[in-house]
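In order of appearance the chains are A, B, C and D, and numbering begins at 1 in each one.
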Amino acid sequence: MSESIIFYVLALFLIGGASGMITARRTIFSAASFMLAMIALAGMFALLNQSFLFLAQLLVAVGAIITLSMLVIVSVNISERYIPKEPHLGRDLLLGVVIAAPIVALIITALRTHFAASFAPIPDTFGTLASIGATLFASWVLPFELISLLLLAALIGAVVISRKGERS
Amino acid sequence: MSPLHFLLLGTLLFGIGLVGVIARRNLFVVYMSIELMLSAVNLLLATFSRIRGDEGGAVLSLLLIAVIAAEAAIFLAMIIALFRAKRSIDAHDFTQLSQEHNA
Amino acid sequence: MDTVLSWIIFMPLLGMALGGVLRASLNLLRLLAFGSSLLVLALALALAWHFDADAGMQFVMIAPWIKSYGVTYYVGVDAFSLILVLIIALLMPLLYLYMYREARHGYWYLMMALQTGVMGAALSLDLMLFYLFWETMLLPVFIMIGRYGSNNHPFYAMKLLVMTVFGSMAMLLSILYMGYGFYAEHGFWSFALSDLAQDSHGALVAAGFLLAFAIKIPLPLFHTWMAGSYGSAPTPAVVIMSSVMAKLGAYGLWRFGFSLFEGSLHHFEPYLIALALFGLLFFALHAVMERDLRRMFAYSSGSHLSLIALGIMIQNHYGLSGALYLIATHALASAGIFLMIGLIFARVRTLEIAQLGGIAQSAPKFAFFFAFFALCIAGVPGTGGFVAELLIIIGAFEYGLATGVLAATTILAAILFIFWMLQRVLFGPQSRQTEGFVDLGAREVAMLAPLVLLLLLSGIAPNLFTPLFEPSLALMLGGRP
Amino acid sequence: MSLALLILLPFGSSLLLGMLYLFTSLRSERLYALIGVGAPLLISLIALWLGYGQLQGAESLHVSLFTWLSIDALRIEFALSFDHLSAVMMAFVSVIGTLIHLFAVGYMRGDAGFGKFFAYFNFFMGAMALLVLADNPIILFIGWELVGLASYLLIGFYHRESANVTAANKAFIANRVGDFGFIMALVLLFGAVGEGGFSFSAIEAQIYSVDHALLSLIGVLLFVGAMGKSAQIPLYVWLPDAMAGPTPVSALIHAATMVTAGVYMVARFDFLYVLIPAVGLFIAVIGILSALLSALIATMQSDIKKILAYSTMSQLGYMFVAVGLGAYGAGIFHVFTHAFFKALLFMGVGAVIIALHHEQNIFKMGGLRRFMPLVFYPMLIATLALSGVAPFAGFFSKDAILAAAVASEYPLFGVLGLVVAFLTAYYMMRLLLLVFVAPAKHRHTSLHVSPYLSLPLLPLALGSAVAGFWGMGGAYGGGDALTHFLSLSDYAHHLTHKSEYLLALLSNLIAFAGFALAYRRFASGAREPQPTALFERWILERFYVDALYHALLVVPLRRISLWCERIVDDRFVDGTLGLFSGGYRTLATHFSTLQNGNVRHYALYFLSGVSLLSLLLLWRL
């Protein structure tokens, strides 16, 4: 019962944050709402017994990414006049909802018909750091290495792209 | 509180991200909407993992977080570059794919 | 011996690949081009030597290619394709001689690709294969006009491409339809000419083919790509277009028209003959006031191709042999004239007739060769053109009096513009541009002399050449009521 | 084999000369002249030897060198024949040709194109020999066209002047128009009798099986070819302009040999024309009209070469009257004699022109008798011969034609022929007087004439004087030797001796009347005439035929050509295509507003698509 309450509270934050992010006119408000949603998402992971994911989400998504975004927003120093006016925001959002609704509906239909209505029983160690680590290095070594390559490429790419802009 | 709730929530988040990508012109918001869509997928993956009791989904989700991080780095760098080039973060200002620019 | 045709077709492609792999220098590339074309020439001559004029299709090679749809690699040569093979094999070394100084690598590669395309189209007996080569030969020309042309060349390259591809799409539809029809009837797929010829096909299927050929030849009303493309293409491309590709259109009319659409062709016969007769005069009239030398001869070419089409469509012994003879001699003569026009352009950078004149004063050799080719196109006796025109006129009179009279106007058609053109280009006072016009060098004479000798020989002793195709013609016409 | 030599020698030497001229830097006139004159000399020796054999009654020679073309029933042998008709033609063509070659050596001296000239000239000899010796109509046609080509090249010899090239074009085009008729006739003939062989003898053997109407059509079309080659109405306009070529060319091609090919051809087809007298009558009418018209024009011309050109045309008219009325022997006889005196006249005129540094207006000449007697006296003989004064060559041949005309069913031809004879005498004497006798209008005190120019005149003068005796009619004790030798299918009637004497007397009187009139008007010189009367102006402007051709043919042709390009191509064909491509382009413009380069819009389209698909799936599931 308490889990349900937690779930609905978190869900409220999550959806509220997401909606706030796409509707806020000021960038900084969007970013703040987004951070709220991300934190709520970490909570969702905890609810799902994914303790390691919960940590990773907090550390990487919230800690690193959001901070980075904030940093960029501030460092580029975007003042009000650079922010797009978006005079028809309401209309555009409505359009977006109209387009997105069938897609969402389709996905939901698919999920509803293909997944069990209950959780499977799990051992206590499920989702812990040790367990995830064992799985990761037992059968996911190659993807893991590939992801590290991707990160490296992204790192270099990010530097190159931002330097290039500087020169011109 | 069945798995379906989590699935519904994830899909909804995905939809909200989609709306953001479609409707917003602010590059930052577009970027965050994409992040949101990825995170929504992340949530779904975690849920599937929990439903099946299979940690593979959790691992995939973990890798996805890394991808999100990489994507964030690139996207932010691009925003900086674009902003430097045009002094704008309005997506409507970047239309170099159109024919008038090629001609 | 079975593979000789494949060697003939793919030798240039081999040279091209070798050049690409070795990242050939200009000299090596030149060597490859010359080498491959000379080898092809040698093979083609050997082919002609071993050719048995009394037999039908020879040197046949069939290999499965796309098995599930019965598409085969099916090549063979008979008297009619042999003529085209010999022309192509002869012209290519001369063209390379013409572009000897050409420094752009792509040019050489494209020419080699082009040779494979036209050879393949002339030799393939599987409709799908034919279609493949038919399109293959278009692309290098398109690129050559687009990249190396002059005078608004991107536009004309597009126009050429769009119009000819439109035609070949219609042909492709017909081919597919026929192939499906064959499948429906016999239970297995085949696109081989000999198989498809067993069935009878409707007029609409024939129309697809006719459209492709009418555009490629071109017959009047399908011709508007011609003058512009000829006018803006680089010289070797023009030579190939007028001497080979246009002839392939006529050849196609022959090869596929007769074997596939015997019945339905009769349906179109009067219209095609009327169109050809119209084209004969229409193009000649067109040429009269043309201001650009190359465009003028484009129309001249059109006029003669209409005559060839006429010879084919009247479908009697004289008409067909005349058409074949004209295919050969006009290919040589127009190659000569377009090469020389290229030389003029290289020397004075203009082809506007009004800006030329008096070339004969400082360049007698040039004037001699130019006048020779022009007179050959005009059909003066002693050159092969006359023999061909005579035969077609005889055939046309056999077909009908009115057709004959109109066909005989070919005697008049060429003189409408040729002599006035000669006057303005070769004779009269020199213009500012043609002052000190450089006469032909040894390389250029070597390039033109074979053409002149062959044309003279074909005019003085045509019986040296006619036995090559005469028996097959008799065979072909003997088999019909 | 010797027959083949008649053709190979001139073609071979022409090729050799051409090669030397084009590809070497040899410019020795002596070498070129040696080769250039040597070849015709050799062939005239061969021709005379063979011709002598024919006179002695040898079998006519037939040689088949090789099969020229063999398609289905069409079997054309490259065959030559040397019968009586070709013997006569070949003999005088080669002999006169040789003399004119010799003359040309002097005339062309110092010209940069010396070698080229002889290459062309020998080429012409070869082509003419081919025409004369051909054993079937197709080979004849080849020779026929090649002499036209040689004529084109030689008229335009001085190609720096655009006017000369225009004249050359005109000549070739007029000839080609004639050939259009010729080749249609040949093809029709082939269609009618070709199955059984196409040599002259084979055609003759089957000609009776041909439908009369078709035969008439063939006859007319053949004559159209002759009209072009022999400058008859209405295709005569090229001949006066052809005088733009060097004078030896005018002498050889446009007076003595090529232009008479039309007459030769009709005589060759005598077996055909005998069957269709109505067409013969048509030929005669065209002939007499041409004779009359050109004689009239000649009386008003002041260019010395043009006078002779019109005179040639007028004499050709005579010949066609003869062959048209069936007197083939008389026609060829006139061809034969005419060659001598007309070649002589042209060569004399050439000598005059050279001496006066290319002055061609007779009203600016005069008094030349003193300076060049070796030119004057031969020309006097030629003038007398041309005017038909007894006993010079022209008298006998012209008399034979007039006799045939008077004796025919249409004596009107005879009357008109006499009128032409009067005009001929008048304009020839006018020329002679103004050039040689009238007071000088120029300042030359001494004029040099090279022996190359004057010596060849002498044998021709002899020929002009005596050549007629060969064909002398029975009335004069000759017995029509030439006509009998030719043995063509003459069907003309003969006059009694008495009426023939009367006719001869009359024609001589008329000639002298013409001389007298000319003498009265021009002996003491005259100014260039300024035409006043309408008729005179008409004559001087050649009845405006050239202008008419220009307005009726050339101008519309160019208009049509432009119309083809601007209306048919651009508007009609490309316009229709343009409708398609234009419509496509409009459509594309509408679409391209969607393609605005805004990636978000692309994403929107894409997502809309996904959305629609989702709806579809939802609905179907």
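To be clear about the criterion, contacts are C-beta pairs under 8 Å (C-beta built on N, C-alpha and C of every residue); 3 or more make two chains touch, one makes a residue touch a chain.
This is a predicted model, so every value here is computed, not measured.
K.L.:
Shared touching chains for chain B and chain C?
P.N.:
D
K.L.:
If I average the CA coordinates per chain, which chain comes out farthest from chain A?
P.N.:
Relative to chain A, the chain whose C-alpha centre sits farthest away is D.
K.L.:
So using the touch definition from the top, which pair is joined by more C-beta contacts, A-D or B-D?
P.N.:
Between A-D and B-D, the larger count of C-beta pairs in contact belongs to B-D.
K.L.:
Centre to centre, by mean C-alpha position, how many angstrom separate chain A and chain D?
P.N.:
Once rounded, the distance between the two centres reads 100 Å.
K.L.:
For chain A and chain C, let me know how many angstrom lie between their CA-based centres, rounded off.
P.N.:
Centres of chain A and chain C (C-alpha means) sit 67 Å apart.
K.L.:
How many angstrom lie between the centres of chain B and chain D, each centre taken as the mean Cα position?
P.N.:
The computed centroid separation for chain B versus chain D comes out at 93 Å.
K.L.:
Just how far, in Å, is the C-alpha centre of chain D from the one of chain C?
P.N.:
Spacing between the chain centres: roughly 37 Å.
K.L.:
Can you tell me which residues of chain B touch two or more of the remaining chains?
P.N.:
18, 21-22, 25, 91-92
K.L.:
Tell me, which residues of chain A touch at least two other chains?
P.N.:
Answer for chain A, listing residues that touch two or more other chains: 99-101, 103.
K.L.:
Which pairs of chains touch each other?
P.N.:
Touch list across chains, by label: A-B, A-D, B-D, C-D.
K.L.:
Where on chain D is chain A touching in the complex?
P.N.:
Within the complex, chain D touches chain A at residues 604, 607-608, 610-612, 614-615, 617-618, 621.
K.L.:
Using the touch definition from the top, list the residues of chain B that touch chain A in their complex.
P.N.:
1-9, 11-26, 28-29, 31-33, 35-36, 39, 42-43, 46-53, 55-56, 58-59, 61-63, 65-74, 76-85, 87-92
K.L.:
Under the touch definition given earlier, write down the residues of chain D that touch chain B in their complex.
P.N.:
Interface residues on the chain D side: 592, 595-600, 603-604, 607.
K.L.:
Spell out the residues on chain A that touch chain D in their complex, using ranges where they run on.
P.N.:
Touching chain D from chain A are residues 99-103, 105-106, 109.
K.L.:
Of all residues in chain C, which touch chain D in the complex?
P.N.:
Listed in rising order, the residues of chain C that touch chain D are 162-163, 221, 223-224, 282, 285-290, 317-318, 321, 358, 360-361, 364-365, 368, 375, 380-382, 386-387, 390-391, 393-394, 397-398, 404-405, 408-409, 411-412, 415-416, 419-420, 422-423, 426-429, 461-463, 466, 470, 474.
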